[in-house]
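Chain lettering (A, B, C and D) follows the sequence in which the chains are written, and residue indices restart at 1 in each chain.
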Amino acid sequence: MSIRLDENNYGKQRLRLLRLSRRDGWHHIKELTLGIRFEGDFESAHSKGDNRKILPTDTMKNTVYALARQHPIKTAESFCLHLADHFLARNPQTSRVRIDAVETLWTRLPIGDKSHAYTFTGASAERRIASVDATRNEKIIHAGIEGLVVLKATQSAFEGFLRDEYTTLKEARNRILATVISARWLYRDAEPQSDAIWNEVRQTMLETFADHDSQSLQHTLYAMGEAVLHKFGRIREIRLSLPNKHYNLVDLSTFKLDNPDAVFLPTDEPHGLIEATLRKD
Amino acid sequence: MSIRLDENNYGKQRLRLLRLSRRDGWHHIKELTLGIRFEGDFESAHSKGDNRKILPTDTMKNTVYALARQHPIKTAESFCLHLADHFLARNPQTSRVRIDAVETLWTRLPIGDKSHAYTFTGASAERRIASVDATRNEKIIHAGIEGLVVLKATQSAFEGFLRDEYTTLKEARNRILATVISARWLYRDAEPQSDAIWNEVRQTMLETFADHDSQSLQHTLYAMGEAVLHKFGRIREIRLSLPNKHYNLVDLSTFKLDNPDAVFLPTDEPHGLIEATLRKD
Amino acid sequence: MSIRLDENNYGKQRLRLLRLSRRDGWHHIKELTLGIRFEGDFESAHSKGDNRKILPTDTMKNTVYALARQHPIKTAESFCLHLADHFLARNPQTSRVRIDAVETLWTRLPIGDKSHAYTFTGASAERRIASVDATRNEKIIHAGIEGLVVLKATQSAFEGFLRDEYTTLKEARNRILATVISARWLYRDAEPQSDAIWNEVRQTMLETFADHDSQSLQHTLYAMGEAVLHKFGRIREIRLSLPNKHYNLVDLSTFKLDNPDAVFLPTDEPHGLIEATLRKD
Amino acid sequence: MSIRLDENNYGKQRLRLLRLSRRDGWHHIKELTLGIRFEGDFESAHSKGDNRKILPTDTMKNTVYALARQHPIKTAESFCLHLADHFLARNPQTSRVRIDAVETLWTRLPIGDKSHAYTFTGASAERRIASVDATRNEKIIHAGIEGLVVLKATQSAFEGFLRDEYTTLKEARNRILATVISARWLYRDAEPQSDAIWNEVRQTMLETFADHDSQSLQHTLYAMGEAVLHKFGRIREIRLSLPNKHYNLVDLSTFKLDNPDAVFLPTDEPHGLIEATLRKD
């Protein structure tokens, strides 16, 4: 019996960074949490304990800070690309470098009609994500969003579903529909895209969620993905992962009370989960 | 040796609730997580296992949903008061009832200049809090806020501090100051206050944080509390608890790079913590 | 109107530390997360931004590591005392120092009948806690435990409780009782106690939980506290905080199935919460 | 441009369950958190809102409880298989069913030399995992472990690594090595295996970690995987994912103190991450 080292990677995770720049009294901040993964010729490190091809993960960390100093960070994607290029160029022992970025979103403090020059509030649990998966032949850039919580109080049904002996769910013509949007899309070209596009993709998903006459969360997921693919020529594929965050109508009949869509119990577990990828042919 | 039952309480925690109401095609939602605590004559339950004075926590739960059905929830405070009154009136065995509410904040989805009639996004990790501490003689209402993340990129110093043999910190004329505001204030009168006041208190704290020429986080905390007490006659006391979320300037000199307030390392641990109560005499 | 600075404190939280010592090829580790709070004469720092009495929290951090190097850490309590004494002696501006420690528990890896000399597994989510609250006149030492999950599958009832119009709970003769023990006790003398006592207190609580003929969680809480106070002369007070982690019997009657204590639904929310202090007179 | 629905699945997550059985006064409990995913012919649900092929996730939930009542749960794997078989047999619209189980581990309370008949403590943050990935042609069973925290205080080096201009890490002959074992292995035959095997795999990994003369975490990972594949003929593949939980030696030279492996700073971020699959040829 022989044993073979199959897929393997190593790197540094949860590398945190805030990049500050000041222009004309106006302060700009970008906060990222990065993950770095190397794939390559690391067989001897595993089987023999030979570290000659292992760039320490501590060096990856130092590199992130040094490069962040030398270059402005226009977008999470552009910085990921920059890091991937740097590591591939210097490390012939690697065949693939993957950089993942999670951006903590900050909003300028509004004061009256204006925005503050240097004070920011933490916008939300929502995160912007970017990833670059690079070999010497190909670069794939994903952009995305995580943790965007959304709820609609009407225009959502779930009827006509399959039933078996364990089905007790009642048909719903008008239920609350709530989810946490997790989306990841792929640009046709390996170029970092503008912040404006990211914001438009986000708004397209939200407006579709809001205005869709939903027959199920699958139905709404598809509508959201379709709207993005139709509107943005540069996006060739989108994957959505949507938990169905149930708000259950509380049964108050024991207390001789009706409950016409008034009192709901929010629950985290169990929850549904709907996932799909939509792709242009 | 005799053993005595001292301070004790019991109740239900993490009671979740969404209240929906519709007016003229406009949907309103309020989402709360409640905690209930009873104090009273429960000695025999503890020492003898006699449950005759124990209203089950399951009944507390049912009561929350039944009352939420019968009454609109104008504010978290008003619903807490309502529950406290209900429980005190029906349960002579209790001497004190405490209700805590944490409100999950939802924002109407903006579409162009308008707000959507029934679709909401989860505003942030920020939570509005309310609590009512009620006996048959007195009611104390606290309002507050938790999880409001805020950062200023300049106008914050920390100099002239006490030094001993273990002090290595350098004086800072211009550092990043970041915190997560946790505040709790006390109204003079045991009346639930309007949403407008809560929003104004919040904005007063944020603007003070932004515009204060900070010599330390203690200094800024005090300015924030003072501004609230000066502006709002109805508030007689405020407590602030502010972690000092350090953003440390990365030392890049090893790589022959300067770092003029460009690249920072955000850290969660360790962190400073500053807490104080300000009170009107 | 004048504004007064009332109760206030500052310090450093989430200071992490692992202390390693080697004796005769046998390695010992102690891992602590510390919190430090100073109270004292800090009015001018708040109201005037005068930092001359402020020892930086960064210095507190350095002090922890320097003292940990110079002294072995016998127990969490002894190290907390050491720190409190150090800070009070050097800082006349402080009136009170509070040190909290949370100990991450490690267990030697068992190999056959033996324990490994230098390899440990993370024992559990359970934490040992210690705190010292010290002024120049008095020191109070608490020891305790958090996160100790325990469940009994029988010998737990809840019957004969108070009912009102919102009561639907059925009487239970034989239910699952589960909780997460959080306990904190006070020694008569301000001396750090041995690890042996801490282990015996823990075991006393667990055995009482197991063998008690429970009429309610209040009833069991009281029995646990009473057993500790009876057995340990040095302990004068104990506070227990016990969530009632409900395991609800699933109703399968719709599917023509009975459920004689076979299938339960574990839930985290809502949950009961029972808290009490027992004290020797 | 046409849009195509690509990979998609739906199901229920975080389904919690405790199964109790009593034999001869001896109580047995098994606590699982389940996830269910269906793949199949769901195009019309997405693109047309036609739910006729959608078995509600609520029905999946009911099925879990009904089947748990009708059958004992010998192991997490056997219950996953049972569920997968049930769903595939009744649902011709599905092509693939995946069941994931996470087992909360409970330990009988030790009292002296004995174990308690019906009282258990929550063993640790460690979880046993099982998954079944089933089509009508093939079943793949994975077993595994998550959250097993382990630390060795010596016999770990990291030397001779690749250096570049951003490398500052010092060579270490004797460092603390700590990780959280996440492992997942594949049995040759699609049969649920005994608890004994799972325990032996776990112990094999732990003893290898302890006794290995580690040149890097990659080196130790490989040794752990190799030991498992050598010892267990039935296992054909194992994947390990090991974060490098850094314990950094604190530099106390500023305070004129040496630090000969005495005081370490535990950190969660950033951390290394090493992942690899080992496979029998």
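Operating definition for what follows: a contact is a pair of C-beta atoms (placed from the backbone, for glycine too) under 8 Å apart; a residue touches a chain by one contact, two chains touch by 3 or more.
As the structure is a prediction and not an experimental result, all values here were calculated from the model.
For the touching copies chain A and chain D, the fraction of interface residue numbers used by both exceeds half; the interface is of the same-residue type. More C-beta pairs in contact connect the chains of C-D than those of the other pair, out of B-D and C-D. Averaged Cα coordinates give chain C a centre that lies 29 Å from the centre of chain D.
Between chain A and chain D, the centres computed from C-alpha atoms are 24 Å apart. Averaged C-alpha coordinates put the centre of chain B at 37 Å from the centre of chain D. Counting partners per residue, chain A has 16, 62, 66, 166, 168, 255, 268-269 as the residues that reach two or more other chains. On the chain D side of its complex with chain B, the touching residues are 165-166, 168, 254-255, 268-269. Of all residues in chain B, only 16-22, 27, 29, 31, 62, 65-66, 68-70, 106, 109, 111, 116, 118-126, 148-155, 176, 180, 206-207, 209-210, 247, 250, 252, 255, 257, 259, 261-267 touch chain A in the complex they form. The residues of chain B lying in touch with chain C in their complex are 1-16, 35, 37, 42, 45-59, 61-63, 66, 90-91, 93, 158-164, 166-169, 214-216, 218-219, 221-222, 225-226, 229-230, 237, 243-244, 268-281.
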